[in-house]
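What follows is a pair of complexes built around chain A, which joins chain B in one and chain C in the other.
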Partner chain A sequence: MEKLSGIQENREFVEARETSRNWGTMLVWALVLGLLAILGLGLARAQEGPIGIGRNVPEFTLTTFDGEQLNINKSRGKVVLVNFWASWCKPCQQEAAELEEAYQNFKDRDVIFLGVDYVDTEKEALAYLEKFQITYANGPDLGTKISQAFRIRGVPETFIIDRNGIIVDIKIGPYTSLAEIENALQTALEQ
Partner chain B sequence: MQSGLDFQPGPYIRRQDEYCQWLKGGFLNTFVVPNIGLFSLFLAFLVAIYAAVAAVFGVRQQNPKWIESGRAAMLLTFPLLSIACVALIFLLVTGRYEFKYVASVTSDTMPTYLRITSLWGGQAGSLLFWSWLMAAFTGAVGLRKWDRDREFLPWVILVTMGTLAFFLLLVVFIENPFARLWQSLDGSQIAAPFRPRGAVPLFPSDGIGLNPLLRHLGMIIHPPMLYLGFVSYVIPYAFAIAALATGRTDARWIKLTRRWSLVAWLFLSLGLILGGRWAYDVLGWGGYWGWDPVEIAALMPWLAGTAFLHSVMIQEKRGILKHWNMLLIILTYALVIFGTFLTRSGVLSSVHAFAQSAMGPLFLGFIGVTFISSVALLIHRWSDLKGENHLDSVISRESLFLLNNLLFMGILVICFWGVLFPLISELFTGQKVTVGPIFYKRATAPLWGGILLLMGIAPLSVYGRTSWQRLGSALWKPALAALIFEFILVVQGVRSIAALIGYGLAAFVAFVTLYEFWRGTKARRKRHKESFPTALWRMARRNRRRYGGYVIHLGIVLMAFGIIGIEMFQTETQATLAQGEQLTLGRYTMVFDSLSEWDTNEGRNVARAVVQIYREDKFLGELYPRRDFYYASQQSMTIPGVRSTLEDDFYVLLVGWEPIAAQGTTFKVYHNPLVNFIWMGGFVFILGTLVAAWPERESLPSRKRVSTRGALMRA
Partner chain C sequence: MRDSFVRVFGLALVLIALVAAPAFAQDPEPSDDEVNRIAKQLYCPVCPNTPLDVCSTQACAQWRATIREQLELGWNEDQIRQYFVEQYGDRVLATPPARGINWLIYVLPPVVIIVGGLLLLRTIRSWIGTNNGRLVQEELLPEKDVYVNQLEDELRRRESG
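After this line comes the complex of A and B, so read on.
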């Protein structure tokens, strides 16, 4: 009798282990398939590609750190430079001083600069603006809406939009000289 | 990293009659060579498929002839792909810009050695190169003596040739390096190996040229090293899958692939270190590692591979952790494939991303098949992989190794999460939230610290059971030495707690390791009455794996010193200087002397500044930070001026300048303490791996047997 109950217990034990193994197996499969699904999704997004030169600028509104609302559609007739940056982004620092300098040289010539702060904390971002003495309009990319609309690949990335709202120049990575920024703006102004 | 620029036709097109002239003289070069390359490539693809199919068929029919035929086919892929590679190198060196790949990675101004290395400078060529390496490795495996392990052979053929066939599928149908440029009737530009209907061939007179960022010695060696590491992991993985498929789940597969996994790990480590050095020299942000998603994609297999390297020793010695080792090697290989996918499909936003192409979906399919079949096999054999022993004690060597594995897995999970998080957050919230370096640094730092601590304790523990007393008596001297070292640091003025902990742990490991060398040598001297160097040399030679491992640990310690130095004590400043003006950073002063700008005859504009460096008023020398602009590719490259000593680097970048230097030039300056310890440590690290992986003398007799057998077969 004792022996029998021992077998019973053993069977229960084995069954319990089997069930937990089944659950484990299902969990493993769920994870593997979930991972593949996420990769598929990412891939589908990536296949859309970045928006290109010659396309219309996507519509967006930037809320600056001072609380001002700037809509891109209201800037028709002016050349707009949209620069994506972040305080944690090392390469952004390379171009920060030059961007400000270019802004000083071009601000009276129908050129608007918009700095879009990508995935950042406000304190550090403001310290960054302070450090490089940046005076043009800057604001956080709330909900990463703007960077998604531009489908940027990383920061820094800069888009120049002509008077008709057409993207005329895209710079992936930092500008390497003041001349490079100014040439791009000059070309956009002449179009 | 190659941009997907369309090659601009127009002024580049050679005139048709001029082309005909040229053609008469070069029929061999223009048609025969590329077509031989293309043909061998396609043949290699078919042969790889045949090898995999024949192997499976042989198993089903229980007919060794089919398996042997599969093996012969496997051996054939290497010469075929070698022909394809040589043909492509020929096209690159002779500048046949009518081929899209040649036009996109070479230009007239590039020297021959760079044209050769352009073989892996772009997507299509690097895929071919990768396939060639894989064929070489599987060929080496195919040539080994299979007598004792015959049942593994068909499965190893299936896995390796299946993988090779997939990569060749991409090379042949998606990214063919032998595709020519054509202009179709509607004026659009297309690339295809054969003439599309009604299309006219294009003959650009010059190419875009290799991305200037890649024209650096580190970058020339870095990708092949990573590829070698990635590709060699296929071998242990194939054997693991063979072990699962055949049910022969003892440690045999591990013994067979021990050296392969060590070699794979060596190349992967070398690739990572060289990548860091390249970033430091070329990318111009004063650092060596930016936690870029692609860097992480290469780090993840390294983490899993490192854990695997440690835990297989436990299975060999104690017969436990069998599940774990299977899991680790599958994980390592899956991460290799995953990393390749991430970098080449454009899923991640990164400076390393290749241009988007149609290979993404195919690659995803391949990943799916690999993951699902590996996991299914593993689940199928799960109960056969039971250990022969149990963990007996918390401070036994096996427990400490397991703990080390868990720490590596912890770092891996953090990295994995960081890479996938943007995709996941976008899926659930519609917002793309990326995690920056700060996340990785904060999350992984304590785990790295834990690994350092274990590196100090584990070598002193023994298998089975270590008594606290024994461990304590072995540990107290190095621990005391580390404490004294800490005290010296505090006296020297180091106040950062994190730095003190890091340095203390690193010093502890160094002392433990050196103490181990000393103890072993002393014991041997006593036994054999040898001089100290002889005893040290013979001891290390008798147990290469162990002492090689210790040398690796010392390398890690040196790297840790460097990493803590630059991470915690790096300082930087930026200033616009007129000629003769100066800036100061720490104890250094830099005086801007002059700036000049000129065009070189190889299509490059150089702006080069001369600055003088002083330390506490003592003149140290001049530095020449410069910026090179490549006209053909419209890309520029910032090359820092670096004064490098063991103590620190003074790193000057030229970031902007006025047309007239007198008005001002902007410099970005970094002070990087101890950064050279990273490269030194890397060197020691590689040396240690070589010591551990070097073929042992004991294996000589068996190799002799193979060669006599080979000789007999030839006879």
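After this line comes the complex of A and C, so read on.
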């Protein structure tokens, strides 16, 4: 009887140790997998390019340099051109005058231009706007929230959004001519 | 004689005060070291992995100029850092604040070290205890005891039969 009792105790001891070991292993695996999942999501997000054509425009509110608040959702029914730029960006200067000219040609045709100033300093940004005589709404990308929502990779980048809030055109880098901007806007208006 | 001395001395003090006042009122221009002390706590999103104090792009030069202007205005380090966070987000900070998913950065390393240490301890203890455990099992495990005995009984029966 003593021997049987010893066998039972030994079995319980072995089982308890196995159960404890299993829980420990599961905990370690859960930690490792959780960490890998976080790393994977971060890497996947970092590898994503700009938000694609055919996608809904991400919601954002631009606070202009004049203090006006412009919400993208309130521009439904109009075509919107969102241009990301910065005063330190040389390629942005190549398209600045053409963008203003396109704005003058399309502003009475249900087209809105929004300039989003990316990682810039206000003094230089205002000097840039004055230099190129830009009159459409412009504001800083506060907290880089808008550029992150659009997942831009640099400046300049320009997105054209149709009347239904769908992205219909993306330009990475500067526009090379006024005609290129106007063609993209015309196509969006006709959709 | 004594009165005139006091008058001259008082006048001299007033003159010194008038001359010195503008010098005290004017803020000294911040040195590059002062600017860089704050700049190295910041990272411009345009130049990943390059602290602001050593970044050579125009964007970073503009940021450093902004820091200099803010120091001239009498802002302290916290105010300047807060300004950059409001303008460009938490990502500009060299040391991310412990909120949102960022807390993992601060919590995970100690947790991993503690869990790793516990596992190591347990493994070492199980190594030390293995020999004893084996002896106990060999003596007491029912498989050894019951089945081996049955087998031996069977063999004995066959041999005798």
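By definition in this document, the second predicted complex is superposed on the first by the 148 of 191 C-alpha atoms of A that agree within 3 Å, B and C clash if a C-alpha of one lies under 4 Å from a C-alpha of the other, contacts with A are read in each partner's own complex, and residues count from 1 in each chain.
Simple rule for what comes next: a contact is a pair of C-beta atoms (placed from the backbone, for glycine too) under 8 Å apart; a residue touches a chain by one contact, two chains touch by 3 or more.
Owing to the predicted nature of the structure, the values given are computational and were not obtained by experimental measurement.
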First (chain B), second (chain C), both or neither touched by A:A16: neither
Partner chain in contact with A:I152 - chain B first, chain C second, else both or neither: first
First, second, both or neither for A:M26, with chain B first and chain C second: neither
Partner chain in contact with A:I38 - chain B first, chain C second, else both or neither: both
Which of chain B and chain C A:V119 touches, first, second, both or neither: both
Touched partner set for A:P140, first chain B, second chain C, both or neither: second
Comparing the two partners chain B and chain C, which touches a greater set of residues in chain A: B
Chain B versus chain C as contact partner of A:G173, first or second or both or neither: first
A:W88 touches, of chain B and chain C: first, second, both or neither? both
Residues of chain A at both interfaces, chain B in one complex, chain C in the other: 28, 35, 38, 86, 88, 119, 143-144, 148
Residue ranges of chain B in contact with chain A within the complex: 284-287, 290, 341, 345-351, 353, 356, 360-361, 364, 367-368, 371-372, 375, 379, 382, 420, 423-424, 426-427, 430-434, 436-438, 574, 576, 627, 629, 636, 638, 653, 655-659, 666, 668
Chain B contact footprint on chain A (complex, rising order): 21, 25, 28-29, 32, 35-36, 38-43, 45-47, 49, 86, 88-91, 93-94, 97-98, 101, 119, 143-144, 147-148, 152-154, 173, 176-179
Touching residues on chain A, where the partner in the complex is chain C: 3, 6-7, 10-11, 14, 24, 27-28, 31, 35, 38, 86-88, 119-121, 123-124, 140, 142-145, 148
Of chain C, residues touching chain A in the complex: 44-46, 57-59, 62-63, 65-66, 85-89, 91, 101, 104, 108, 111-112, 115, 119, 122, 133, 136-137, 140-142, 145
